[in-house]
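One chain, chain A, links the two complexes that follow: it is found with chain B in the first and with chain C in the second.
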Partner chain A sequence: MSNKLKWSLILIVIVLALLYVFLEMNRNAFSYMFPRRLIRLFAIILVAFVVATSTASFQALTNHHILTPSMLGYDSIYLLMQTVLIFVLGSTHPLSSSSSLLFFVTLIIMVGLSTILFVPLLRYLRHDLFTFLLIGIVLATLFRSVTSFLQMIIDPNEFSIIQDRSFASFNNMNVSLIYIAYAIVIVTTIVFQHRIKELDCIALGKSQAINLGIDYNKATTEMIVMIGILISVSTALVGPIMFLGLLVVNIARSILATYKHSALILISFLIGAGIILIGQTLLERYFNNMIPLGVVINAFGGLYLLYLLVKEFKRI
Partner chain B sequence: MKKTYILFLILFILSITSLFIGVKQFELVDILTLSEEVLMFLTMSRIPRLLALIFTGIGLSLSGLIMQTISRNKFVSPSTAATIDSARFGILIGLIFFASSAFYVKTILAFLFAFLGTLLFMKLISMLKAKNMLLIPLLGIVLGTLIDALTSLIAYRFDVIQLLNSSLVGDFSLIVQGRYELLYIMIPVVIILYLYSYQFSIAGLGEDVSKNLGLHYNQVVIIGIALVAIISATTIITVGNIPFLGLIVPNIVMMIHGNHLKKNMVPTSLFGAILVISTDIVGRVIIFPYEIPIGLSLGVVGSLIFLYLLLRRPKYVKQT
Partner chain C sequence: MIEVKNISKSYQTTNILNNLSLIIPQQRLTTIIGPNGAGKSTLIGMISRIIPPTSGDVLINGVSIFKQKSNELAKKLSILKQDNHILLKLTVEELVSFGRYPHSFGKLTPIDHVKIKEAITYMDLESLQHQLIHTLSGGERQRAYIAMILAQDTDYIILDEPLNSVDIKHAKELMTRIRRLVDELGKTVVVVLHDINFASSYSDYIIALKRGDVVFSGTPDDLMHQHILTQIYDIPFTIAKNNNKKIGIYY
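On to the complex of A and B.
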């Protein structure tokens, strides 16, 4: 990787982070605003890292640059599991009244379920991109419908609790989870570090990967587990973000023609952090949160996905 | 034909059942004596609801059937061809620019945008000469998502997101006398669809073949899209969005009956009405006295059936 690119991106992100924290800072309210902005900055950095890592790994696993885990319904599984938990236990249960405990249990169930669901899907449908994508989209719709269905039948008090907890967005970050989220992401990254290194081989396809001495099925299953954990973290912090991963990883790929996934992840992470910081600074400070950042990213991401599909189609 | 009679019978029984379900309970005797109160409940709420259910079921499933025939793709329907999302965009434009204006302006705008959106989609797929069975609905869904994102972007800006979201989930519980009459427009539309069914079948053979057979291909396609847009716009304005109905009903009927368009129209519409009424009944009973909106319950059932259709496909169709 060109070091120049890496360092200049790091510099840009640092400048953007400083701008995010200090722009339009009211001197008198410094002690109130500073820690709040700092913690949001940490959340943004974590989300950017999680999105870059999970999307790049998922694209390596599937050998398709169009797919992202969120498009296949990972976020909606997380939200569904959280709703189911509150639905079954009730809002007064100790589990649902502590948001970090709820997060932890939801995460475990979500990882289990997504592994059961995606390991076979990946195994049988990997070669058939359009079926895979369509099934993912329909599954995501299904999970969202079931989630709203359950929210309808939950009584209103409990519903307001869910709404508080699960409709996180960039405007309404769930910062109470930030420490546990950092801990989980750091541990996950360390545990799965050797698998991230193997991504370069996995991206070559099944036969090549096996030929190079990788226990392919075990590696893919572990990656699916890792992606499940990471997506849970980002969904819990800022809510579902459909297309951010698609945008950042593909932008990174186009400026950095590389087969090395560690480099790709790093650059995607920096680009993602940059995009969120610019968007959030502008919307928060100058546009008075007129539009949520997630909606803007979705609009651009949708357009980009349409372009990718048309391009993919012309290729075959 | 025997199957059609059975479907008629089922529809009839379900319709009667639907009339009797609700917070206000009647006995059969009440109907026979027809006290004023019972009569009021029937004409104000139950009968309008039943009619709205039947019209929606018939309209949406037939529009799915026509779109699948014209586009020659089993996975195309108003919810996978950007029709519904474009109609919502039209409603948004109506809310912003003609806020004080009457109901029918909104309807016309919804229709206009639904028509243009679907036309855009059809042009896109014919331009790409897309042969892949699944790329077409995928493009439609993504185009729909894009239009949807644009809609919410503008809606946020003008602070009408809540007004707009009421058209997001299909719900029959608000249907009373005076709020469903727009759906009567389905009657002439369905008749026209039936009259044109042979033309649609020929158009389904592809542009070249149908021109060779002496058909005004573009004209027929535009008529088809316009009729579908009328159906989608009126349902989304009166009832809301009912996802996947137009997709699953024709597919199930075609599995049983084959592909003859004109012969399929009656069973498709009956089956569509039956599916909508029975889902509505379940939604009304399951958390009685509250209701689950049909957009949600059919969203769950519909996506499950869609998944089934997707997964069973490779067994008899080779991937192109």
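On to the complex of A and C.
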């Protein structure tokens, strides 16, 4: 199939990664800059993998191609949590300032909350996509409103800390967490590997999946837990970036000639890594980190969503 | 043999099926008929474990389907529901290959390729096998889905309204093919139909449902009487003969 596509994308990503690490490298500061850039490169690869896997899985589960987990409020759960933590405990409290502790608290609450919310939603409302979406959007709006309410009455200094965490950024992530994040993502992927293989069947619809011998309820529940863990790790590491998923998975789908989700995830991952690498190289080297990467991705993601919607309308 | 034992289904306060028991005979073409809302789709949904029953049991070869591994059951029984809109870019051949999933979990073996080819040939799809599913006509798509079920190679095949959105020429062809599954391949086939004349002309055994109860089960010959049909559908019928098969006229 798309072996040629696959290898040329891998090549492009490798070139972009090399550019990212070595472009504008100061010879005297090599020992300082090199390890830092390398760690960021690892983070970029991890995030691209998470974005591709979780979005492709989520779209197979909901049988819909314009959905991303972020539209159902994963990101707003994250923002609400950060805000509540800082509001209640203050930014100097060990829980809100110590990154490792914060990382695990964020992880556990996000996985727990998303499982409690989305498993029943998906089970009972899968056929009723509009209600499913509506409830998701209402929940996301609720979380966002509580968040902005708290941000209104919070101390302005604390507010700027929250503001920092609201956009994805590879610059102020905690370096010591990258190993833990990698470990969690690798273990999760291995544990749920058999479910990822079932995605092709699940995308055929519920009755067809059951006919082919898939334990449907168990499979969808496990997938939601998996998506929850992956997104939480990535969000806790660099902030909300899931909107990128919409972009990369749909681009991958439009250039791929196959239905296979393993290929879809791989190509989406490569495209995602490429996009983040280009963005990060430009922002870091030429814009002096004036803009967080998350803002740029949201802007382009939003434009692409508009394009997808217009395309859908034209088809009708 | 499929045995349905005292099965009931209710949603909140409405009963869809009331304590229903029946037997589906081995290696026969059994048709389920009945007016809208009789519970036909619910019944076959439960026989194929897609819908869990409120109470009761379904046995296949004496073993409860709810106590078997879903994957094991997928090698014995296949079901084709009528809601088949998918978003995937799939060719006919790829769709048919899905039928082998219960046997080889997506890694096709030489045996799988043989079965896939057989199924495609059997449903006369060779010329269409590289076309995308969503470019096919209703009848062609139905044939592709049935080929997928055939590739699954199960003894029991359940089809929910396979003649829906298929014109009369292709409906006739399709029923002839389904008939051959029983006669030539020895399958046990259960079909839900709306057209009583197709049911009478092609099946060995007919089960009629009305408001969640079995109101008739027996041969087409015994079904096709004015008073029985009128009791099922609440409209007057005239019975005529066509090629030794009785047909009901209700226009």
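Convention: the second predicted complex is superposed on the first by the 250 of 316 C-alpha atoms of A that agree within 3 Å, B and C clash if a C-alpha of one lies under 4 Å from a C-alpha of the other, contacts with A are read in each partner's own complex, and residues count from 1 in each chain.
Here is the rule we go by: a residue touches a chain if its C-beta (ideal position, glycine included) is under 8 Å from a C-beta of that chain, and two chains touch if they have at least 3 such contacts.
Not measured: the values here are computed from a predicted model.
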Q: Please work out whether A:Val47 is in contact with chain B alone, chain C alone, both, or neither, and reply first, second, both or neither.
A: neither
Q: With the two complexes superposed on chain A, say which partner A:Cys201 touches: chain B (first), chain C (second), both, or neither.
A: second
Q: Considering only the touch criterion stated at the top, classify A:Phe149 as touching first (chain B), second (chain C), both, or neither.
A: first
Q) For A:Leu121, is the partner it touches chain B (first), chain C (second), both, or none of the two (neither)? A) neither
Q: For A:Val310, select first, second, both or neither according to whether it touches chain B, chain C, the two together, or no partner.
A: first
(Q) Contacts for A:Leu134 in the overlay, against chain B (first) and chain C (second): which applies, first, second, both or neither? (A) first
Q | Of chain B and chain C, the chain that contacts the larger number of chain A residues | A | B
Q: Kindly classify A:His65 by the partners it touches after superposition: chain B alone (first), chain C alone (second), both, or neither?
A: second
Q) Looking at the overlay, does A:Ala252 come into contact with chain B only (first), chain C only (second), both, or neither? A) neither
Q: Enumerate the contact residues on chain A facing chain C in the complex.
A: 63-65, 197, 200-201, 203-208, 210-215, 257-259
Q) Which residues of chain A touch chain B in the complex? A) 128, 130-131, 133-135, 137-139, 141-142, 145-146, 148-149, 152-153, 242, 290-292, 295-296, 298-299, 302-303, 305-306, 309-310, 313-314, 316
Q) Can you name the residues of chain C that touch chain A in the complex? A) 45, 48-50, 69-75, 78-81, 83-90, 94, 98-99, 101-102, 105-106, 149, 152
Q) Within the complex, which stretch of chain B touches chain A? A) 75, 128, 130, 132-135, 137-139, 141-143, 145-146, 149-150, 152-153, 156-157, 169, 243, 287, 290, 292-293, 296-297, 299-300, 303-304, 306-307, 310-311, 313-314, 319
